[in-house]
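Lettered A, B and C in written order, each chain numbered from 1.
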C-alpha cells in the first residue's frame, strides 16, 4: 500500500507553514519517513530526509540561506533537489560534493497546500486537477489536523454517507453545518429516511457513490460522495453550497495528517461562512497551532458532554462534526482488526473503496502496473452533490451536471 | 494462566462507577481485553467488547438508552447479552440484526462490586460466597486501585505474613492500622518475634496459612492468612476486629486492579473506623477518583520521606501500609524474573500459593479439568484471624471457629 | 561492545550525589542494568542490582544503615560487596545469609566522580590515571548530563575537530568559551581555515588526533584531540588554559551519561572561570538538578532562537556549545544508521576511533583478549593541546611536551 501511495502526490503541509523565502524549516513525517521541509531563497519548497547524508545531523536545525539548506554540523549545503552544493570543511582536493545527494522529494505548492511526490522519478504524474486548487485564495478555506489512526479509517468514514443520519444527526453541530440541509430549502430527508440504499459507480478517478433516500412520493433525495484515488474524498452538499474535500496522508501505519478544504467555485467565502467554519462545529476542527493536534482529542475524550448526549439535543455529546468523526475513527484503535467486522448493505461504499485500493495495490505489486488514476490528472475535475431527482431518472445522469467542476 | 483465571468470577469495578440506570458507560480493561461496561434501563450491568461489531467504533461513546447500548456511528444497539436489537441504518429487507452479537460477558453485582465471568458459558460457576458480599452496605468499605505490576506480585505480598514485621513495622501507619495490634490487648508479638514459622494447609478453596510466633512461655501467637483461588486473600486481624479482603484482577500481564474490602460481619463500621480507613494509613490507599491511580505511586516514589525513614519512626518513610506494599510490589518491575530469587523458609506460603495456581493451570491445560474451587462457592465462607493459642493446640483446630464466616 | 566496555572503569555518578555516609541511595542505570548506589556508614560506595536477591523488592527504598543496605520488604541486609549480612525474618536454624550475595560491582571514588567496574573480577584493571582525577578539588569542575543517544554519537562529536569551525563558529557561545581562542593571543585560525587536514596517531591509550590548519606563512595551527579508550576524550585548548575531558557512559543502547570535567593542573580555577562555566555557554550544560536532563533539550528543540541564527551572530541559534553538540548528536536519532553516511577526509578521526573500538571488540569476542589499554593506567597521563608549530616540525614531536600530564 505504501508503494501505491507513493505513486500519487501527497499533501503534507499548509503553504502557510513555510510563509516566506528562507524561513524556518519544519519537520514532516509522511509514509513512515522523517523529513525536513524548507522554502529556499527563491521561494521553492524542498523536502529532504531529516538526517544529513554526511553524518546524520538533523537538517531541522540547519541554516536556510542562499538557495539551500546548510547543515550546522559541518556546513554542508543542499539545494531543493538534494544536491550537495557546498562542502566547506573539506580541503579543495578532497571535496566530493558533486557525488553527494540528500534524499529529496519533488514538491509543488497549489491550493494553499504543499504536495510531495515520494515515488520513482520516472513515474511522476501531474498534480490532480482538483477544483479547489484552482480557485482564488479568497474562495477557499484549508485546515490541517493530525489524526491518531490509520488513514484508511478516515477514508472509510468519508465515503460512508450512512453514518450522517446518526453520528451527526442532532444538536448544534448538525444545525450549524448544514447537515440537516437547513441552509437549503430541502426538508430533512436524512432524518426521515435513515437507511439509504447505496449505489457505487466506478469512475476514471475512483468512485461516485450515490446514497438514495426517499424524498417525496415521486422523487428521491440523492447524496453523491466522490472518492478520488488514493485517499481523497468530497462529501455531498446541496448544489450551490460550498463543497468540502478531505485528503488523508499517512504519517505511518498508526497516524495520519488530515487536510480539509471548503471552497466555493464562483465567489469568495463570505465572512459568515468563514465564521461558521471557525466555530469548529463542522468538518474543520480546532487544532493546536504548533502541533496541529485537535483541541478535542482522544486524550480528553473529545470533551464529550454526557448530559448533552442524554438530553437528545446531540447524538454524541461531542461538539463538532469533525470531532464526532475523530471519536469513531480513532476509537477503532490505531489499526482496526477488520476480521471482526459485520458489514451490511449500508457499507457498500466502504467495500467498494477498499476493493479499488486493493486492486491497485495488486496491479502494482504483482504486475508492476502503476495506478492510471494518478496519470489522468484532468479526471479529478469533479464535485460532490446532494439533490432531489425524479424517481425515474438515473442518478448519475440526473446529477451529471452538478458533479462537474467548472474552474 | 489467563484461561484459568477466566474460569473464576473477576471483580472489575465498583458498583458506584455505574451509579444508575442508563448512566455513562465506563471503560474496562481486564485479562487483556478492552471492554465497555454499562448499566441498562433496567439496572442490569452489561460488559461488551469495546469495539462495535459493525465497523469497530468505540461503544464507550455510545448512547445508553432503552435497555441497550447504541453505537453512535450508525445507531446499532446491543443489549447486555450482546445481542444486536436494532440496526436502523439498514433498509428493512437487508436488516440482519438477529445474526449479529457483540462479545459480551455475564456480570453480577454483589458486595458493592461488579463481577464478570470471561470463561466458557457452559462452565460458568456461581459467585464465591464471600462473607463481605453478604453483609449490609453499612458493614463494609470497598476501595479500588490500579497497580503497575503483574497480579501475582500482589498476591505474593498478601500471603506473606513475614514482611509485616519489617515493611510495616514502625511509624504512624503501623500504629493506626492495627499492625501492632494496638487496638487489641495483645502485646507486640510481631516485633518481638520477627522470624515466624510458616504452616500451610491446603483447603477446598485454596490455602490456610499459619504464621507462628512465640507469645508467652506456654502459648503461640498465630496469624492465619486465607488464600482463596485464584487471587483472593484475607490478611489476619485479631478476632472481633473488622476483617480485610483483597482481590487482584489482571488488567494484562503488566498491571492489575486491586480491590480491598474491610468489613465487620456483625455491625456497621463505626465512624471512627471509616475515618481511620480514609486516613489512608492502612490497607486502603488514596486514589485519583477518575483513574483510580494511587496518589502516592511509582512515578513519585510514593512520596517517600527519607528523613522520617532515617528517624526510625517509619521503616520505609512511606506513609501508608498499602503504599508500602505498592513500593515493594511495583518496585519488582512489571513482571519480576523469579529465576533470580532466593527463597527461604519464610517464603513457604508464597511457594505453596504459586504451586496451587500452577497445578490448576496444568490440570486445565493438559487434562481439560476446570478448577473445582470455582464450582464450590460455599467453601469461600471463611475469615482470616490472629489469635493466641496454647502451644499444645493444633492451630487449625484451635482457630477453626474463628476462621468460619457467619453471615 | 558491551563486553568490551565492561573491561573498563565507567564513571557513573558525581561524588556529590552520595554526599555523606548513610545518605539516601540513588538509582543508577548503566550498560543496560538497573542498579542502586549507596554510601555506607564507613563512607564506602556500593553499587547493587536494583532488585533484592530475596524476592526482588527495589533496594532503592532500602534502609541505608550500619554499614549496609537493608531491604525494607523483609529486612535482609547487604554490604557493599553484595554479601547478605543479616536475614532477620528467618528463624536461626534456617538462616542462609552466608549463601546469598546480591549482584554488586566494585566502586571507586576519584576526581569527584564515582566509578564502577562491571567486568569479570579477575580482569579488574586499575583506575585510569587521568590528570584531573589527581588535582585538588579546587582545580576542577565536574558536571554530568543525560544524553538521549547512543554513547558513540557523543564520542564521534568529541574527536571531530572539524565541526568546530561550523557548529560552534559564531555568537556568544563561541566567544565566551574560547572557541575563537579569544583568551589566547592567537588569531582566529579556525575561521580562516575551515577545512583542516587530519592526522591520526595510534597511542598506547587510544589515539592522538592532529587537525592542521594554516597559521602564518611558515607555521601551522595544530589542534590535538585525545581519544582514550573506550569513550574518553579531551578536546584541544591553547596551552596553559584549563583543559576539558568528556566521558560517555552508556545507560543502554539508546542513551548515555555524559561527564565533562574542566581542570587546571597547576592552580585553582578562578572565580571568573567558574562563572564562565556556569554561564553554560561552553562545554558544560545546565541540567535539572534531580534528573540531570539538560534544560535545553531535544524535547524543546534546545530553545533554538531562529532570529539569532538568521542574524548570523550564531551559526545555530542555540545558546551553548554543549547544547549545539546535543542538537547534532541527539538529532541523529537514538542510534544512527551509519550505512547512510558519506564520510570525507575530515572524518578521518571518526573512522580511526571506530576502527580502534571494533578491533578491541573483535580481539575480545574472537580471541578472548581483553583490552590492554585498560591495564596500562599510567598511559592515561595525557592532555590535549592547541598550538602553533613551524611547518617543518612534526606535530607529535613539537607538541610532545604539551601533551604530557604533569600531575
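Definition applied: a residue touches a chain if its C-beta (ideal position, glycine included) is under 8 Å from a C-beta of that chain, and two chains touch if they have at least 3 such contacts.
The structure presented is a predicted model; accordingly, all values stated were derived computationally and were not measured.
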Other chains in touch with both chain B and chain C: A
Shared interface numbering between chain B and chain A [over half = same, under half = different]: different
Distance from chain B to chain A - Cα centre to Cα centre, in angstrom: 48
Shared-contact residues (touching 2 or more other chains) in chain C: none
Residue ranges of chain B in contact with chain A within the complex: 22, 24, 51, 53-58, 60-61, 63, 72-75, 87-92, 94, 96, 99-100
Residue ranges of chain B in contact with chain C within the complex: 156, 162-163, 165-167, 194-195, 197, 301-302, 304, 306, 309-310, 315-316, 318, 324, 327-328, 331-333, 336-338, 340-347, 350
